[in-house]
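Heads up, the next two complexes both have chain A, just with different partners, chain B and then chain C.
Up next is the complex of A and B:
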């Protein structure tokens, strides 16, 4: 007779809600008559994300102490719960944006099922307490995203993006598994909390494993030099999906990386903080310089997300409680602004029927005053201007890096912020200050497309982006409660 | 303990992983790339099982089983994409998959 472990259902609730939503939208893609199929599938996906958010909030409230549950496979703690809330929030907004996306094939039910499924995987990944659940969560989210990227199979770009993502994603997970195997070899355990202290800190197997696990995470967080897939995939995937990947996938990859490194590899701190600093500088340099020369909006945003991976890596390099708080805080406005900006790109694309570029954005701000202001706000938040959450987040990250003695990293970060103004403000300039060609102006006389769902999502994203500046204290308290559960 | 020492399994596992990694990076045919991905994962599996034997614990073997299941799922998606590419007459050569670079 095998003793089965006690199941803590509340810990599982956020990912179970999304799993249920996946099954329900997939079934309705088959069973519901075609006319109402989209609405029903969409509703289940939205309900799944709303349920996951509520469950994660309750979990946050009821987990004042971190502990392993279900045979130590998952953590029940506030860190994982806050990560789940960020994922669910980003997913909720993405579901709203995705509603109006046109489709060349009849795949409207599947897309919501896959979107819900990817979110479920992310939450399991964020809560994982041993290397096996970590790997399963990672693959759950990745495989859903591969298919989601390639879903519009009438568009060759989509298949290309999906295939590239699959090869690079599979490559990085294989490296991560290989690293996990060596960590297991050195310590004899897969449990994250027990890895530390099981082997001498300079053990060859352990350090090799650490390096390979770090590379696996860097691929997922699209930090340079492991970023090469990012622009192609973001450009080829459906625009709302790119926003989801920028806002949620990067967030969980970095949060889980910080958890694994601080919990399991505390003895090797000097190694991984230096590695994180190198990755941060590489990402800032590559992301910013490449973003400057892009004309395609989605490609530019992909490089901007690479440079943001650089900023967020400051928190891992700092390896302090302050850094953890900064990371958790910054991911809130960053996630909202990512979804928002890709939503506006999607809106523009749907109107034009072609990819958004800096050239065809001319006049966008005059034609759609409110959307123009929203785009402006998101750009300012990415660049780190006051009155947006991006400002507080950046100050916080810089302070964490400074406290931990990374002065030169701070200088690189400051220069990178200045350079980033070049392309963020270029978007603002494009939407307001570019002359609109006459024939185009005539063509655009027809009233702009109205999409209530998308407008709601953009409005919510603006509220979060700006609100996180004015409501700093409650959010930082949340981050503080969550961060105090990591051993930093 | 019967059979060769653990070190030999590690050498073979690492060699298979390295061959797979080289295959993903150097070969240009999507099918061969998928095969190479499988090689990488199976190299990792061999290492996991060898270490499980050394530690006398089952964790590594369970991990290897999970990796096999996941690898199968990944290949299903990969082959599906290869078929979709073939149907749309997209060149089955990764060097030519450059529509996204303009």
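Up next is the complex of A and C:
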């Protein structure tokens, strides 16, 4: 007789909702007639994310104390619940954006099934309480994303993106699991909460394991020098998927990294904070400089997401409660702006039938005044300009870095922000200030494509991006509750 | 409440102007209505303002980012009230001018102008460092597009330079604010003073770029030349004052030690900028060049007054800020008027415009004469106070001021004669009309403000630092050092240390 552990269904509810949505979408791909298939599977995906968000919110409310559940495989806590809410929110908007994405073949059912599945994996990853569930969640989300990237196999770029992501991602997972094995070897436990204190802090195996786990996370968060896959994958994948990866994958990777590092490797804090600072500087340098020379919008945004990984790593380098709050806060406007900006890129692509570049964006802001303003707002938020949540996030991250003694990181961050204006404002310049190539041709064009789903998503993203600037307090309260459950 | 209303009314205006589906004239008129309403609001504030009280008035405070002790804290005091007034007046003139000259894409244009108004008012009223920075940066958002979309042929280059310079300064300030705020407090009314030279330089760099002070003026000529005239008027008339306000409100009051240590450096930079700017203005080949570099010179003169830091020079600086704001705004609008008639600003292709255009000639000459600080004008009062104060600080520093006054007469008279006298220039067509009624109304209103200040300059110079009113300390027995601190003790939140110093000095 095998004794099964008590199951805490509420903790599992967010990922189960998405798992159910995956199965339902996938079944509808087979069972529902072709003309309704898209709507039905899309609806299941949307319902899955909405359900996951609601479940995560309830979980947040009902988990005032952190504890391990299901034989200590998962954490039931607010930190994981808030991460799940961020993932579900980003996923919800992505689903809306993904609805109108054209596809050469009929693979719409699979598309939404995979999107829901990736979200489920991310939530499990964010809640994981031991290295095994952590790896399970990581693979679940990764494999879904590998396939999602390569789904439009008619486009060679999509195949390239999927393949590259698979190879590099597989490699990084291998490194992470190797590191986990070292840690297990050194401590004899996989439980995150028990790793600390099981081995002498200078133990070579443990430190090697820590380094390898850190590398694995850096791959997923696309922090330099482990970023090389990012531009190609973001460029090749379907545009809404790139937005999802930028907003959600990076978020969970960093959140879980902070949890694992602070919980299991508290004795080695001096090591991983320095490593995070080095990674942060590398990401800021590589991301910002490379983004400056890009003409392709998605590729530029990919490098921008690398530089954001750099900023977010300030929070890990800070290794403080303030840093955790900063990270959690920053991810909210950042995730919204990521989805929003990729949604607008998708809109532009659908209209033109070719990838969005800085050159063909000319006149975008005048042709579509509201979308133009939305794009402008997202760029300002990325650049950390006031009146957007990106600004408050940057204040927070800088404050956290300073409080923990990383004053020189502030200078690096300020210089990086200055450089980043070069490419963020290039977008604003493109949409407003460049002359439209053929004024006549543009005028004769049919009225701009209207996609209600996408517009709703962009509107919601704008509301979150700007709203998080004004209504800071509620978000801080959320972040405070969540951050208090990490041992920092 | 009034302060918040002053910030929110233009924002509301921006939104409604942007969404109004109406022809250009209607949109512009609505924008003008909002700026006039803002003006009325400011006047109602002015009538209720208690100049005798050194406290922050019309104050409002709400918690914003409680985690870091950052709040929405706004209010008005002494000179910030005057600067808000300057902003509102110049912005109203700019919008009226834009309405008359018929800007393309009116909804976006006027929405951005009103947004800019809200941001500038925000800078002058912010009592929290982060809020100050928010407003300071929010100014850049509309300015970038206003120059980049509605500017002249070289606008992209101009915006690039403008953004690169000013953002380099302000991002440095951002890092400085975070460091300063976390160690000394973000609220300006309660923040402790700091002795750190590095933090002082972090703030000073941002303000020195924005003002601009020599040698950080590289962006100035391009930005002033390529902007639409009314935006150039705002840039030189109002936005440069933001920088001096920053020096007065933050750099000097919160960093008394570093200011004292670096005073000679800042005075020297100002003096060099004063003479250098005047020389450049004398050599500039076009109208806007002359006005732009004269603006550099004037800002340096104001800088001289600010860093001399005694009661005469500080009152003079505030007065001169308002004077120069009005003068340079009027001059840039006049430059626009002339460019519209001749499609060129090059002085070599202009000339002889006085013939048959009496109103244009009268406007140029009267504003030009005020600008070169002829005795009896408001600019004379301001410059006199500044130089008198600078003289107290050290007579050597007053020499560049005197040289510059001579140079100012030279470049202004050169401009006047190049525009109005001599042969009729090739770019001037016979048919080009005199100043039309709408233009006259706009520029005439600015001129009216200057004349009013010429009659009663003390309206500003005596009502900027409340404690000077309460305890006039012109008598002997007080060293210039403590006088300097008296001047700044009138800025709210300077801390108790200065108060005790003045007490002992008494």
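By our rule, the second predicted complex is superposed on the first by the 482 of 488 C-alpha atoms of A that agree within 3 Å, B and C clash if a C-alpha of one lies under 4 Å from a C-alpha of the other, contacts with A are read in each partner's own complex, and residues count from 1 in each chain.
Going forward, contacts are C-beta pairs under 8 Å (C-beta built on N, C-alpha and C of every residue); 3 or more make two chains touch, one makes a residue touch a chain.
Computed from a predicted model, the values in this text were never measured in an experiment.
Applying the touch criterion given at the start, work out whether A:410 contacts chain B, chain C, both or neither, answering first, second, both or neither.
second
Let me test your reading of the model: by the given contact rule, A:180 touches which partner, first (chain B), second (chain C), both or neither?
first
With both complexes overlaid on chain A, does A:143 touch chain B (first), chain C (second), both or neither?
A:143 sits against chain B, while chain C stays out of touch.
Tell me the contact category for A:189 with respect to chain B and chain C: first, second, both or neither.
The first partner, chain B, only.
One more residue to check, A:463. First (chain B), second (chain C), both or neither?
neither
Touch check for A:293: first (chain B), second (chain C), both, or neither?
In the superposition, A:293 touches no partner, neither chain B nor chain C.
With both complexes superposed on chain A, which partner does A:7 reach: first (chain B), second (chain C), both or neither?
neither
Output check: A:166 vs chain B and chain C. Expected answer is one of first, second, both, neither. What do you get?
It touches chain B, and chain C stays clear.
Across the complex, what residues on chain A touch chain B?
131-132, 135-136, 139, 143, 146-147, 150, 153-154, 156-157, 159-164, 166-167, 170-171, 173-175, 177-178, 180-182, 184-185, 188-190, 231-232, 235-236, 296
Touching chain C in the complex: which residues of chain A?
322, 325, 366, 369, 380, 385-387, 391-392, 394-396, 398-399, 402-403, 407, 410-411, 413-415, 417-418, 421, 425, 428-429, 432-433, 472-473, 476, 480
Which positions of chain C touch chain A when the two form their complex?
63-68, 70, 105, 107-108, 130, 133-135, 137-138, 140-141, 144-145, 148-149, 155-156, 159, 163-164, 167-168, 171-172, 174-175, 178-179, 181-182
Along chain B, where are the residues that touch chain A in the complex?
Checking each residue of chain B against chain A gives 10, 13, 17, 20-21, 24, 30, 33-34, 37, 40-41, 43-44, 47-48, 50-52, 54-55, 57, 59-60, 62-63, 66-67, 70, 73-74, 77-78, 81-82, 84-85, 88, 90, 94, 97, 99-102.
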